[in-house]
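Each chain carries a letter (A, B, C, D and E) given by its place in the written order, and its residues are counted from 1.
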Amino acid sequence: MNESLSHIFVDALLINNFVLCVFLGMCSFIGLSGKFSTAWRMGVSVMFVIIVSSILSYGTNLVLVRFHAEYLRIITYIVIIAATVQLTEMFIKKTSPALFRAMGVYLPLITTNCAVLAVPLFQTSRNYSFVQSVVFAIAASGGYTIAIVTLSLVRERVELSDVPSLAKGTALTLVLAAILSMAFMGFAGMGNGG
Amino acid sequence: MTNSWQMIRLLGAVSLLCGLLIVGTQVNTAARIRSNQETIMRESVARLLPGIEKQIVYGIQPSGDLIILPGIEVSGPRFFAGYDAAGNFLGVVMEASERGYADVISAMYSYSPDTRTITGFQVIDMKETPGLGNKISSDLPFLENFKHLDATRPIATVKHGAKKNPWEIDAISGATISSRAVGRMLQKSVAEVAPVIERNLDRIKRGQ
Amino acid sequence: MNWLSSRSFSQGVHVPEFKDATCRLPIRRLPFAPVLIVPLSQHTGAPAVSIVREGQEVVRGEPIAKAGGFVSVPMHAPATGRVERIALAPTARGDLSPAIFIKPYPGASQEILYGAPQDIEHMTPEQIIAAVQETGVVGLGGAAFPTHVKMKLPEGKRVDTVIVNGCECEPYLTTDHRVMVEQPAEVLAGARIAMKAIGASRAIVGVEDNKPDAIDALRKAAAPYTNLTIQSIAAKYPQGAEKILIQVLLGREVPSGGLPSDVGTAVFNVATLAQIGDLLPRHQGLIERVVTITGPGVAKPGNYLAALGTPLRWALEKVGCNAGVASVILGGPMMGAAVGSLDVPLTKGVTGVLVLTSREVNGSRKIYPCIKCAACVEACPMHLNPSRLGLLARKERYEEMENVFHLNDCFECGSCSYVCPANIPLVQYFRLAKQMNRKRKAIA
Amino acid sequence: MKPVIELRTSPHLHAPRSVETIMRNVVYALLPICAYAVWLFGASALALLVTTTAACVATEIFICKMSGRESSVGDFSVIITGLLLGLILPPGFPLWMAAVGGFIAVAPGKMLFGGLGFNVFNPALVARAFLQAAFPVAIMGYTPALAVHRLSEFIPTTFAIPLIKAAPLAGWIEKTRVDAFSGATPLMLEKFDHVHSELWPLLIGQRAGSSGETPALLIFLCGAYLILRRFMDWRIPAAMLTSALVSSAAFYFSDPSRYPNPFFMLLSGGMMLGAMFMATDPVASPVTPLGIWIYGSLIGLITVLIRLKGGLAEGVMYAILLANAMSPLIDNVTQPRSYGARGKEVA
Amino acid sequence: MNQDQPTCHSASPEPSPSETFVAFTAGLWKQNPVFVMVLGMCPTLAITNSVRNAIAMGLATTFVMASANAFISMVRKLVPKQVRIATYISMIATSVTIVDYLVKAISIPVYKALGPFIPLIVSNCLTLERAESYAGKNPIGKSILDGLGMGLGFTFALTCLGTVREVLGAGTFLGFPLFGSNFEPWVLFLLPPGGFITLAMWLLTFTLWRERSDKRKRAREAALEKPVEIAS
């Protein structure tokens, strides 16, 4: 199906939000959403890596298809992601030590963030064109960032309240995520109503 | 120096091992996967065209011509023609998809070029709301719509209980969006494929 | 009320005034107590140093202690009598501090025998500042900061406008109100002395519009002077706070952690200036002040001219206390502190004595969790976020309060606690937080 | 020990308004709406309101007891949650589901976060969203207003057996309807069938809908009472209704044949109830002056977008929940500039 | 999380067989990857709306973990530190690709139901975590057992979630209707929020259970210590 760019964008950003509706990038969503300062850095790093690796894997996929080597997709994609992460890390370390201090810890974690691997996989299985892939990568990683940043601020706020000791920790985070996810259900069918 | 050389050698060995394993698996499973996919398709088509014994997959070229596809590997514009044991033409089965409430709904439907009606409809994949939208695959009164759906006119979805004409689809109450998506999908697909079938009907009937 | 023409500021709260009981009563004199307790530290800064011995005879108005440094002022004998002893006396803060106990002679006159006229017109600013220090005048609005220190500008700072603070926005208190009504000439004289000492070209007297008689009296007295303006401003709490008043009158904002002189102004309380205007030409010292003694627990509320050092218990006996006194507050109800003992003396910084009965002091108000109604955010004159500060304080995140939420800009006006529907003791939290931060820094 | 210290610190005066009076007055303001709902939709609406309130109160008492806290029912906030939940469910909603909703509202929606003042989301809306997702069919079971036997008999779905599918409503509606009724609210008619509704019935609430969301005028007046007595922040409803009006007007004037009249948007669905009683929940809304305006406008805008562009007919609930989620962010970016901060930067 | 293991060790009377046994059972319960370590969240939440899918996903992960652990343990002494992660990831990716094809060959409907989550096993933090902390340090037999144990523990957790979600959300278990056709399903549990809620409920249950068992353990220890004190 030939999807319009705006639709791909809204769909990946809100309707089928990567985190809240498709359950991708869960570990970091739960583990790194405790502090706003961590969350936004993680969000930005993920956005960068997703967009770069999406572009790289689009090109790689063309090569794989050309040589009928689709069975190497998973392994090449993960290598591309690992390489992107590694190169980004080195690049930031060289150019901006301050930025590296801020982001450095989060970058290696991105390799095992399934949201990052999911983007190239989805864009391949959905036969997106290059432009569609880029839009999809931006929207999907943007959706991830929105979710993790929102959750982190909500959690910072909850930190100031008297949460019963039993519920502290992951369970409470999950309940918050559940309510957020219910709220995102309001976007279902967006752009398709008329 | 020796250290990096050692590293490269090791990585090479690892890649070789991985490559061998992957290729081995791929080679060993390819036939099985293919037959699995064929079976599923065949079963879906058979469910829509009862009494089918033989089926041909036609691909539609950009020029509008038909070619017979070797199997179901090749995606793109295509349809299935079904024949009974005696080789009589039963009808065609087409694939269609459309955005529903939650995500894309993809479906198959059978179409009779002789009467220009849709004779059956089956959802293949969807993520519609359980209990509401997902009734499009199970709600019997709704599926009743597609036993004889007139496709000579633009197919339209009307609200529950308001169906008056044979080309209208009676929507599921409370699942308007999903029902409409089905109507839109059929309407678009028929408009696209029916003329091609019409033009090549003789050839299809002969099974060439 | 001319509320249309009155200026005001955007935040703050409207507090019931409770001023009717005393605002029309003329200032009356309290007789001498059997013993007057003159603490050596009635002001901000170094304590004064006693220059009398036990048993020495002193004359009313005579210096009995000299300033303990530049940021310090001398003390003068409030009555003619004998120095009974020099010993520790309880203070309103709750601790003990050295004080001179003076036993006035029975029948000692209220007349001030000490002092001689001096010519202000021909004095240099430095001489005026020195003379002001000799009078022992400190900020009589409650801060008790030595006035001459305020007049001595830091290097490189210039002040163009003297602001005279006649707001008296605290409920119940009418001290400044009566001073403005009864001594407008002294107030303006003091303002002119301050202008001369500082080198300012004009002075603005800001008076809240709930005191029309004070505005009238001042305007009449100011008629001959072109560089003195009387500005009526809409009544609102805490308009009398220095920084707020500067913003209302001049539209200037004192930088966080800065002083009024950073924006070219200096602020003096009306009562302070009235004393300077009165004492300086006669070269006398500050020995008495006007104190509003009021509240539901007082039988004869009013404004009383009390000799400094008058014990609180004695003053309250003189004005009569009703049954059921629950709390005695020095200062106004919004920022004043409740005293733990009635044996403390009235000092230079005491603007009023408020006696509340158990009906007003209802300790059983239940504390609810913060419902984030934002009333405090709208009330805070410093535009802080007391709601968030309160939540952080509950979790003892004091550093974050200071670094992210500007805790140190809070001057504890009490507006947030006043409006809080959940009765959260916000100001108390903030005091504690500041204390903890100071302690932490001291350790570090 | 503690109260003695509190006695001794300033300020010694206190404004008369307290949490308890605020909450009590919100309950008063909700009662006329409840009464009108019972008159419009009959005995079932009454049973629904009683059930939700009882379920909420019972849950709160139970949790307080379990966690060894002092019962917090006395602050009335749980009663507000209960009444609001009843008002935003369809009148014939099965009572057992309503009771589940009451539990969800209070247990995970409020007490999990520490009770009053700490809930991140509006508890009643959390429960409504839960029920909407859990029982999408039952929550669409709207019945007509002013049905003939409404006061003497219950809507059959009301007493559906727990965990068992409720019988379809069509038969009952057939029997009691006063005029043609399609089982849809005006918003659903507008969205899915392009049937326009008159504004007057929307204003006085004689239409299908959730039990308490229909009488726009009455809800407005009850909200106005709270605003005038300063128990509620006027800026949130003002921002929300204005932004809804402006954004829907933009749609309307771009294509009047396709999009509904902006005033229809204001009066239909739960817009008025949401603006007056849901979005104004102080706990889940920002505290900064600018933040409050942003928050209100955001709700209005998202509501209109969901209604006109989304898959659902109604979007107020989701809009408020989303804005609740955003309110810590809004609060953080709109911290007021403290007095003197500008000078500090220069210095 | 890891301090559980030493206590297990010291508690066991015969070291060698029980050690192997511990390697296997730790993942099942004491160090359950989902309920205790909170790892591998994506499939835990996404693929548990039916028991069948949950088990299939769990088994696929188990296979990947066992085989990846085996490979990694094999080469663990040869791999220099710098390229450790890269090697591990390629090993895991290889296992995943194999599983991907195997599942497709076994059943297309199951493959479709698991969607993108089979390839995504690669970036499941659980697999890399075990590779790093166990397979990279232990002999091959134990590593395989660890992979199997962890994988089965993962499967167990997924099945727990799947059961709640399928029973409440559809009224069925493994596709068999449990309550008859009149059951009103709680559709929510099949939707994304249901995944979060179900996991939250399980975690709460686990916390409660552990708290109670801790309390009991402490009580027992206290009871044991008392007489000793009296004696001394």
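Note that a contact is a pair of C-beta atoms (placed from the backbone, for glycine too) under 8 Å apart; a residue touches a chain by one contact, two chains touch by 3 or more.
If you're wondering where the values come from, they're calculated on a predicted model, not measured in any experiment.
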Chains contacting each of chain A and chain B, listed by label: D, E
Fewest touching-chain hops separating chain C from chain E: 2
Chain at the geometric heart of the assembly (C-alpha centres): D
Separation of mean Cα positions, chain D and chain C [Å, integer]: 50
Chain A-chain D separation of Cα centroids, rounded to whole Å: 33
Chain centre separation (chain B, chain D; CA means) in Å: 44
Centre distance in Å when chain B and chain E are each reduced to the mean of their C-alpha atoms: 37
Residues of chain B whose C-beta touches two or more other chains: 18, 22, 25-26, 101, 129, 131-132, 177
Chain A: positions in contact with at least two other chains: 71-72, 75, 160-162, 167, 172, 175, 179, 182, 185, 188-189, 192-193
Sequence positions of chain C contacting 2 or more other chains: 369
Inter-chain touch pairs (all): A-B, A-C, A-D, A-E, B-D, B-E, C-D, D-E
Footprint of chain B on chain D - complex, ascending: 135-137, 140, 182-183, 192-193, 311
Chain E contact footprint on chain B (complex, rising order): 3, 6-7, 10-11, 14-15, 17-18, 21-22, 25-26, 29, 32-33, 36-37, 40, 125, 129-132
Of all residues in chain B, those that touch chain A in their complex: 18-19, 22-23, 25-26, 97-104, 177, 181
Sites on chain E touched by chain D in the complex: 179, 182-184, 186-189, 191, 193-194
Of chain A, residues touching chain D in the complex: 36, 149-150, 153-154, 156-158, 160-164, 167, 172, 175-176, 179-180, 182-194
